[in-house]
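Per-chain numbering from 1; labels A, B, C and D assigned in written order.
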Amino acid sequence: MVKVAVLGATGYTALELLKILLRHPEVEIVAVTSRQDGSPPISSVHPSLVGRLDLALEDLSPEEVGKRADCVFGCLPHCASAEILPRVLAAGAKVVDFSADYRLDDAATYLEWYGHEHPDAARLGNTVYGLPELFREQIRGARLVANPGCYSTSAILPLAPLLRAGLIERDDIIVDSKSGVSGAGRQPKLMTHFPECNESMSAYNVGRHRHTPEIEQVIGRFAGTAPMVIFTPQLAPMDRGILSTIYAKPKGTLTEAAVMACLREAYAGERFVRVVDHLPGTKDTVDTNFCDVTARIVRGRVLLISCLDNLVKGASGAAVQNFNCLHGFPESTGML
Amino acid sequence: MVKVAVLGATGYTALELLKILLRHPEVEIVAVTSRQDGSPPISSVHPSLVGRLDLALEDLSPEEVGKRADCVFGCLPHCASAEILPRVLAAGAKVVDFSADYRLDDAATYLEWYGHEHPDAARLGNTVYGLPELFREQIRGARLVANPGCYSTSAILPLAPLLRAGLIERDDIIVDSKSGVSGAGRQPKLMTHFPECNESMSAYNVGRHRHTPEIEQVIGRFAGTAPMVIFTPQLAPMDRGILSTIYAKPKGTLTEAAVMACLREAYAGERFVRVVDHLPGTKDTVDTNFCDVTARIVRGRVLLISCLDNLVKGASGAAVQNFNCLHGFPESTGML
Amino acid sequence: MVKVAVLGATGYTALELLKILLRHPEVEIVAVTSRQDGSPPISSVHPSLVGRLDLALEDLSPEEVGKRADCVFGCLPHCASAEILPRVLAAGAKVVDFSADYRLDDAATYLEWYGHEHPDAARLGNTVYGLPELFREQIRGARLVANPGCYSTSAILPLAPLLRAGLIERDDIIVDSKSGVSGAGRQPKLMTHFPECNESMSAYNVGRHRHTPEIEQVIGRFAGTAPMVIFTPQLAPMDRGILSTIYAKPKGTLTEAAVMACLREAYAGERFVRVVDHLPGTKDTVDTNFCDVTARIVRGRVLLISCLDNLVKGASGAAVQNFNCLHGFPESTGML
Amino acid sequence: MVKVAVLGATGYTALELLKILLRHPEVEIVAVTSRQDGSPPISSVHPSLVGRLDLALEDLSPEEVGKRADCVFGCLPHCASAEILPRVLAAGAKVVDFSADYRLDDAATYLEWYGHEHPDAARLGNTVYGLPELFREQIRGARLVANPGCYSTSAILPLAPLLRAGLIERDDIIVDSKSGVSGAGRQPKLMTHFPECNESMSAYNVGRHRHTPEIEQVIGRFAGTAPMVIFTPQLAPMDRGILSTIYAKPKGTLTEAAVMACLREAYAGERFVRVVDHLPGTKDTVDTNFCDVTARIVRGRVLLISCLDNLVKGASGAAVQNFNCLHGFPESTGML
């Protein structure tokens, strides 16, 4: 049994993570942390866990967590994450970080998009990006994994194979994404107050969402040179799910069959990427670690459509997949 | 044209009220107030009002509001309302109060349920309860009207005629109500955070919701002696609408036809109460000032089912109906 | 490995069942049936099963199904179920029946509520009602189990212990239930067309819902004599979940503590009934086999509130729990 | 008073139309038609109309309708519409047609996209497209108006001014649209069955939605030559509202200010197009005839975002706006 801990266990990704871990045959949950006073039972914060997880939320030091657990999942806000996780690593644990802190390769881009000096800049460029479908080998040997952003995964999985195969232009990519509200976290705000966002669709952070440089960086590894992505995040009135509709310009003439073949070949052995002929809906993937992908050619342009559950393949499922990689378990352990 | 003002114009009932008033042919909106700094345009708070209402949110004194307007709608929190509205009345305006402050008849009950000494106790017992279907004559001569609670209206309208006719027992009444989330106001809280309340039904404030004494007091006028009501409010994942399912014990034997006849007779001339044969859904009444009511006999018990829009017949539509009464306009002016 | 088959695999309960069975370590799914031509892959009907279950929907005879499988789950409409399942039983398989056909004890009540002569009346009165929390011993020895109705479970679980303990009257019970739309099945109808039922709450089948006699029969076993239940089903705009608010009259004086103690004692060793102090919401139980229950005393009346997922504890989870009983596995196998 | 009739009055656009017409001071509704037997009251099909519209659904001949009414709103399916409306016109009435039959200019395109020979091809090319903001003068003199498609209006309003001003390329336009489910009509289907589409986002009819040639034709009048549009319709889990996110390539360098200035100038005097600085949500326009539009420049590309209510500005509100044009009333009559 691998002993695991969850840092910052009061949010939605932590809850989803705990639900997956409770079904994982090789895991023992040894600590869940939060800054709340009085060590309340975690089920008082997440009532769905009553009778399923009998742990108190503890306010532990990073060192204590790193000693108690073999592997630590960090569900902390960006910046805070890179301040605390080095101490967890130093105490001996492996780490899967849900925050954006270790996703980008250089501190300047981090500063530009996150508005903070990076607290642990030396690790940038040396930390593996946790998409096992693309970076499995590096993840296996790592001690720290940067778990991808939810939108990022929905964009990178369909784009990477086409860029690697040189089928599409790297500088004319539009990612139009629609996300369920849980992606915005558990902190109540006006934008996510039920009567505001229910029965409404709206775009937000147009041109300045932080997953933009992340997508560009990762697909850049497959494109040769730096690509340019226009990314539009939009809020849909549902709990979970991301639908990304991606528009790319083919290099030369390209058939639907060729695009589909490229995707199928890329993900032939992958358990969690389903290349499908039909137009998938987010509901097909909800509560699963699957990302469904299809392609169409419309008036000469390549359309890629991807669906995933932002809390599973977009966060906690991906984290457990990374955990399984780190510890040598079959990647789907606990998730089928 | 009657000059009107809205005190506390940033919430949902105020927005709904403004939308109705904009269609009212006899109304000029002269002021909308809020404590915000800098007098922002009201459309910055309510973007649906862009191009429809070109007023700034002003931080005005009650006296100024009472002088500028002929009639003032108070959308303030309870307690604050009874502190401010006396000054508005003293300045000469008529007032329709959305808060609960003037609904109860005595200060002791107010203290018990609201936890505050009433700031203007002398007006309790002398203020008319603003349900025109039941208290039209008193409203016409009033200067201050206590606009009813949303749940209260959905319970009182079906119950009052049956109690008046002596058809049901007064001490065995259960009101099981389901409300849309807008009833909880516009202040973001965890309970009304989208991913918490979407796709969920739950009861809240069981046995201690403040509409309980209000319902009991008003139906008590028709029951002879004080009735006892078990009232259970429940949150449904929708913006608007209240469905109340009411269980009452008949005095002696009672047929469905007799109950329906009693309801039909009571509301024969009423524009906004529709006694219907089918089982109504809240959607039939959304965005309207209608309350739909029907009745069934199930295993000897009387079932009353009522539907209304909590923001219209449950709040702002009722307020305009009261306004129309106060000013001698046909009650449906601006609302059909 | 136990070989299982699902009869009528195109609906929501069958889909939910398959998802649970796919995680069950002791199960091999050997057949899924439907009357559709051409044996399409089941994933063409349930796209969420792509890559998870590689079976064709076959139009098999009951005998063939009964031979191929050790245990058969019947997801057929009532009446059809009692025509087909006897042939499955005769072929040697055990059966868990999702339909209502074997829930009632006598053919007259079946005829009255379902409008059909029962095709297999001899088995009525001899078939076990599949609520393991109440009838575990009989289930263990059975070959045919009648899986309970979703509303019924939400009503019976809180009521049975109080009736058994003689704490409440048996003839003054009101069950006010709110259900997600998946409870109405997968056949498109106007009532469940999205723009009709979204953003709306409504009652349906008032006084004549078929779970009424089922609830009365089962709690009658604990009440001594036949109880009388007023049951009101209501449709809430959500996929899943039932919230039942139950009003009962205490025998003599009764404290909240006494009611809670009775519930806690009844379900002390039960994995899937959680007696909680807080007011539970349906979301706490969604995608789980839990039924959450709490109690309050309001103005002398007992209020019981229960929540469950109509597709899991209200259908497919309960079926797997019964399956586990039938085959001697721990009841929670595959469901935590 | 203008006498109006509604052909095919059982769907959602007809209901919305009737609600608007009931508030219109210059309108008398004289007939509502449907092929149903027995002339049921319209409120039996639309329960929200109980007590508001006391008319029977009649199965009238086109000639009878055309004689009885001064203006007829056709809410019939395509193809049927062009078979029936010529007879209504011949009987003397003016017509606003909600169907797609008179939107396209030539019969060949109609055949290609609708799969039918056009029954009244002579009127194609001579019928005005009912977007008053762009074609007001022709509408005023018309007897037949083709009411625009809902998606089309959301795309044409932001694109037309920029194409007319030569600010964007005509052959690189992507329209990514998200619509509420009422846009799919009132006929129950699996795709619009609540548990299928609730909590899900999905694309449909990719590359072959019939609003594509309509958008291209109309914006082509402003672009000089035929433009090419990639149009992706997507279903969002909400009743109403369209959010269109449009990506266009600027001719040369273009600032956000220049794009906004172009939009503001184009719609300076328009009551129902609001050019706003903030990112609008569909909820800002729900139940109104407004279309909200804004623009951004993202990485050199022009982003246009538009919102409207598909049943109002996308259908019935637009129809009344056209009606007001036809009859010389102020365009906003009945709609503010």
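Odds and ends about this structure:
We take it that contacts are C-beta pairs under 8 Å (C-beta built on N, C-alpha and C of every residue); 3 or more make two chains touch, one makes a residue touch a chain.
The model shown is predicted, which means the values in this text are computed figures rather than measured ones.
Bringing subunit C onto subunit D by least-squares fit of CA atoms involves turning it by 180°, to the nearest 5.
Comparing the CA-atom centres of all chains against that of subunit B, the greatest distance is found for A. Taking the mean of the C-alpha atoms as each chain's centre, subunit A and subunit B sit 46 Å apart.
For this pair, subunit B with subunit C, the centres built from the Cα atoms lie 39 Å apart.
For the pair subunit B and subunit D, the distance between mean C-alpha positions equals 36 Å.
Contact with two or more other chains is made by residues 180, 196-199, 237-239, 280-281, 283, 286 of subunit D.
In the complex of the two chains, the subunit B residues touching subunit C come out as 174, 176, 178, 180, 196-204, 206-207, 228-230, 232, 234, 236-241, 243, 245, 247, 279-283, 286, 296-299, 301, 303, 305, 307. Contact residues on subunit A toward subunit B in their complex (touch as defined above): 12, 180-182, 186, 188-190, 192-199, 237-239.
Considering their complex, residues 22-23, 47-48, 50-52, 199, 271, 274, 276, 278, 280-281, 283-288, 290, 292, 336 of subunit B touch subunit D.
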